[in-house]
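In what follows, structures are represented as structure tokens.
Shared between the two complexes below is subunit A, which has subunit B as its partner in the first and subunit C in the second.
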Partner chain A sequence: MADYRQMWQDLDMDLETHDLLCEVLPQAFGDVYLSQENRPEGMGYYNFVVSEIHGVRPAELIEAQKAGAKVFGTFCVYVPDEIVFAAGGIATGLCGGSQFWVPGGEKVLPTGTCPLIKASVGARLDRTCPFFRIADMYVGETTCDGKKKAWEILAEDVPVYVMDLPQMKRPQDTDDWAREIESFLIRVEEMTGNKVTPENLAAAIKLINNKRRALARLYDFRKLDNPPISGKDALLISQIAFYDDPTRFTQMTNALCDELDKRVKDGIGVYAKDARRILLSGTPLAIPNWKLHHIVESLGAAVVVEEMCTGIRYFENLVDESQTTLDGMIRALAERYMKINCACFTPNQGRIDDIKRLVKEYQADGVIDVNLKFCTLYDVEGFLVERSLKEAGIPCLGLETDYTDEDAGGLRTRIGAFLEMLGSK
Partner chain B sequence: MANLGVYLGVDVGSVSTNLVAVDDNKEVLFERYLRTGGQPIDSVKMALQELYQEHPDIEIIAAGTTGSGRQLVGMMIGADVIKNEITAHATATVHFFPDVKTIFEIGGQDSKIILVKDGVVVDFAMNSVCAAGTGSFLDHQSERLRIPIEQFGDMALTAERDVRIAGRCTVFAESDMIAKQQYGFSKAEIIRGLCNALVRNYITNLGRGKSLEPPYVFQGGVAANKGIRAAFEKEMGHPVMIPQYYGTMGAIGAAILAAENYAKTGKKTKFRGLDTVELDFVSTSFECQDCSNACEIVQIVLDGVPVISWGDRCGKWSAVSKGQ
Partner chain C sequence: MDDTPQTNLVWYILFHNHTQGLQLNTLLKDAGLKPIIVPTPRKLSQSCGIALMIPTDQLVETKAVIEREQAEILGIAVLPRDLNPLRDRYC
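For the complex of A and B:
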């Protein structure tokens, strides 16, 4: 990484501790990513973004702040980025995906909290992540009990706005969510000093829809018999989508897809012909959590799709672009976001239907349902997911893991046995 | 007289190292169960020596390894097949009980449940970090009660009353046990309570959401314990079968897999033979100082040359040893 020490110092970061992270990350990225053979050239952009993860993008955000923009840090795919961009703000994902930040979170949170929450709180309180320092305001949401209480702790250190997400999908819940988006809009206007108009909101809807279209285009390649891109690489792109500049991200992802089109024409794939195809479902894999993809793909199988927030939940379904009034657009946003199927909803049959549909679309041979340790919602729902998949004749392996490396051996044994159970083609 | 062709199977776990030899008809000719004691290499060497002493006329056609130390020992002996524990155990069970539908396996530090349909694994679960459903749990309690683990099972069967002991956690089970002793329950009753607690804990943890259908086969080192078998039969309301070689099923599975692989490929074995015993394998470890990760690198050194390394995050040590 280039030298950003002055910037980090200005952000009042803990430089010594942060140095440790800076040393470990390139190593981990090299082991998992750069060791892959036959990668598309277009991955060079994403390699660069990761190698400069705490430098280039934070510097851009700081420049934007100097020009008067406000940065909103978000933690969930239900938060409508469109509102932020419409008001001239910038939304950036903040979910922590590294064990590095967990001990910091454990200083204030119970050990039995999910690693994503612990890492996110630790990254803020230990002052070891520039994104967490830069954000003018955090936007939380009520997707689980751990997060709800964590916002109160974070709010002592940074302004936090919390959106009240409905937990059911009746018509009145979509109405409620539309009202929540309205309230959020007012707060964003106050914060940025800019009005949200039908014109700038329509443009923002288009901006984010285009990002979704690019990701959908990328994921379509994974449906093919011999995907021209690895699951690991696709996951990385999904993770970067959360914090990169949306215009540039869309452009670079489409450029990569052009290259993939050519690869497909030339018959270039990244897997062995008999590679088993795996769908990963469950809790999100925030950057730099590449553990499961690495294990599955090191064992010769292919991760062909993630039914996750870092995956299809992020980009499936577009916001209706035909609305002309603010009310109409807010309604369209509410309807699109309420189509995401998260385990925080009850009942949540939609998610199980999604998994079954994705198994067909992506020709998956089996499903690995992943639960981040201590996530009660996905853990409980795992029972229904497994039962329903088995009834449909789809092999399913339930796994629980966290951000540490200690269970890698056990995971390898389980996943290896699962792949053998799927048999050879 | 021509040498007797056999297939070797080795199962290297954290608690025990098992080595078997089976013949062409998959009959077990030799079976050794040794405590690993943190020395997998020495245990395997010892067992191999005994094998050659008892059967000087054998020729090993193919060898397979399984268990958590399968890679290490596979490299050391020159295994033709290196398989995970699930596949190895299920292979052996299906060989002896072709109709089996549910396999309970409880070893020293891990336990698994394997569901089989038409001789093929269709589902499985393994315990994770917690030892409360494994042999270590019983070992620990036998020490506390000062009853040798070998007498545990028979003693459980003599109990007159049932006593419920909290078996979710080894630590809490201990305090609960002390409380129950103070209430006046006999040691035999406490032991039966522990057996029931272990089985209850095992079924709750591993059987969640699975339909466990008979025929049931119970294997692994803990299957020696009659108290646990009785607890399983009570819990399932159905007889539970125990294979003759219950303690070495993983190794038998590895041997059968090696035999099947040989039948398919006809490849000459990579097995090093009795030389393995003579070879000077030494396990060493050091902290790599090349970067701030400071990985603990474990190396197996053969005649002064590292032949396998692991523990490195970057892969440079493991890559070097693979190249040799």
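For the complex of A and C:
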């Protein structure tokens, strides 16, 4: 129950408004997470991270800054953290997943902007999130139109560097992305005052690959009959991966996986034997957005995988570790990141192929394609996704949601009907 | 599922800082108990940060460990159990 007030004050935060968020978090976390039976003990670490979310990690970042490190805030899984860590910087995710920040964003953005963008802008401008205050530089990207314009608004308040992400996947686009990573590297070097060398970049590639390996190991448990960990716990871990110290995160996640190994041997699962298995696909679920997982799982079904940026898009595919030159490593980074399948690309058949592959790998009975309200990219792509899944005989439900509580009842009804339609095993 | 919250009691151990909380968590686990790290309920404190949630049937043993190890804590508090998965209040 530490008192972080002084730290927040030093960050020039709006303490009174921030306090309102502190007020709702314990109850929501209790209802969603602590009401579960039979959770792995290793979840204690992630409970700790959430409980101290605006305290412990921000304090660590501030300490690192005092020692001369720079903190880079990112908003998209295409931004290569490896470059930042190689230069002795720290990358931290900044996507806003709470309705709490949305009204602040709406002061400057049209209401018809996706909640993720509104929350991210609101968290900065309203001064209610320590991470948004701490970051020395924000790293944006040219993914969707809403974000592109939001960078211009944020840049009036904080240094913003924007990476120009290609929107197609031809060979020349991977070349372009490699060049863009090179330019980013130069900017990061300027900002940190440190050179990126083959040695420190190789170490950073290993560091982030190890985080990906730990997450892949975790997700493998969800492929099993009656997984030893719930979907919402896995989501929480995925969300924390964006913020936490990568070395500690990897270590704690591997320790949890050791426990899960034991659970599997002892035949311990967290679901009823006949629980329907759901793949969630679509827009990201930034922390603390737990609504959909919670609703699906409180209806007795299991979320077994997320084809999302807070999910497999974050950890699938490793960066080739065999490169020895800077150019070779930058190329390897570009190739790995261009394998992510986001709706901002055209065409994006790779995402549909991913969903079909994941349905098999994770033995999903059905897919829920989730769209954050006002995200045109995923909304439009939903037509192609859902048609293709129907053709393949995979039951699919398309849903639109935002960060408010108001649609929870409606979502329960629609998801409940979908699960009923899937029938019992 | 009925949507009335369960009304049995839950005990919370409160701390000055998270280091104390993590230390006691380890001590209790070593003693074979099952504390759960949770965000401190708002009703118990204006500050945020961790508390340890203790089931009523482990309270006596928990207190014994605290005493034996002279663990530093801020206090022990009790609340009716109020975990309601159907409340649909998110943050």
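A few remarks follow.
To be clear about the criterion, the second predicted complex is superposed on the first by the 424 of 425 C-alpha atoms of A that agree within 3 Å, B and C clash if a C-alpha of one lies under 4 Å from a C-alpha of the other, contacts with A are read in each partner's own complex, and residues count from 1 in each chain.
Everything below uses one rule, namely that contacts are C-beta pairs under 8 Å (C-beta built on N, C-alpha and C of every residue); 3 or more make two chains touch, one makes a residue touch a chain.
The structure displayed is predicted, hence computed values, not measured ones.
By the touch criterion stated above, A:387 is placed in contact with subunit B alone, subunit C being left untouched. In the superposed pair of complexes, A:409 makes contact with subunit B and with subunit C alike.
Of the two partner chains, neither subunit B nor subunit C is touched by A:255. By the document's definition of touching, of the two partners only subunit C reaches A:48; subunit B does not. Counting the residues of subunit A that each partner touches, subunit B and subunit C differ, and the larger count belongs to C. Using the contact criterion defined above for the overlaid structures, shared-chain residue A:30 touches subunit B and also reaches subunit C.
In the superposition on chain A, contact is made by A:21 with subunit C only, not with subunit B. Residue contacts after overlaying the shared chain place A:100 against subunit C, while subunit B stays out of touching range. Judged by the touch definition given at the top, the superposed model places A:291 against subunit C, while subunit B stays out of reach. By the touch criterion defined above, A:7 reaches neither subunit B nor subunit C. With the contact threshold set out at the top, residues 23-24, 27-28, 30-31, 35, 409 of subunit A are in contact with subunit B in one structure and with subunit C in the other. By the touch criterion stated above, subunit B contacts subunit A in their complex at residues 68, 83-87, 120-126, 128-129, 208-209, 291-293, 313-315. Partner subunit C is touched in their complex by these residues of subunit A: 1-5, 19, 21-32, 34-35, 41, 44, 47-48, 50-52, 54-56, 98-100, 288-291, 294-295, 298, 403, 405, 408-409, 412. Within the complex, the subunit C residues that touch subunit A are 1, 14-18, 22, 25, 29, 34, 36-42, 45-51, 53, 74, 82-91.
If you check the complex, the residues on subunit A that touch subunit B are 20, 23-24, 27-28, 30-31, 35, 383, 386-387, 390, 395, 398, 400, 407, 409-410, 413-414, 416-418, 420-421, 423.
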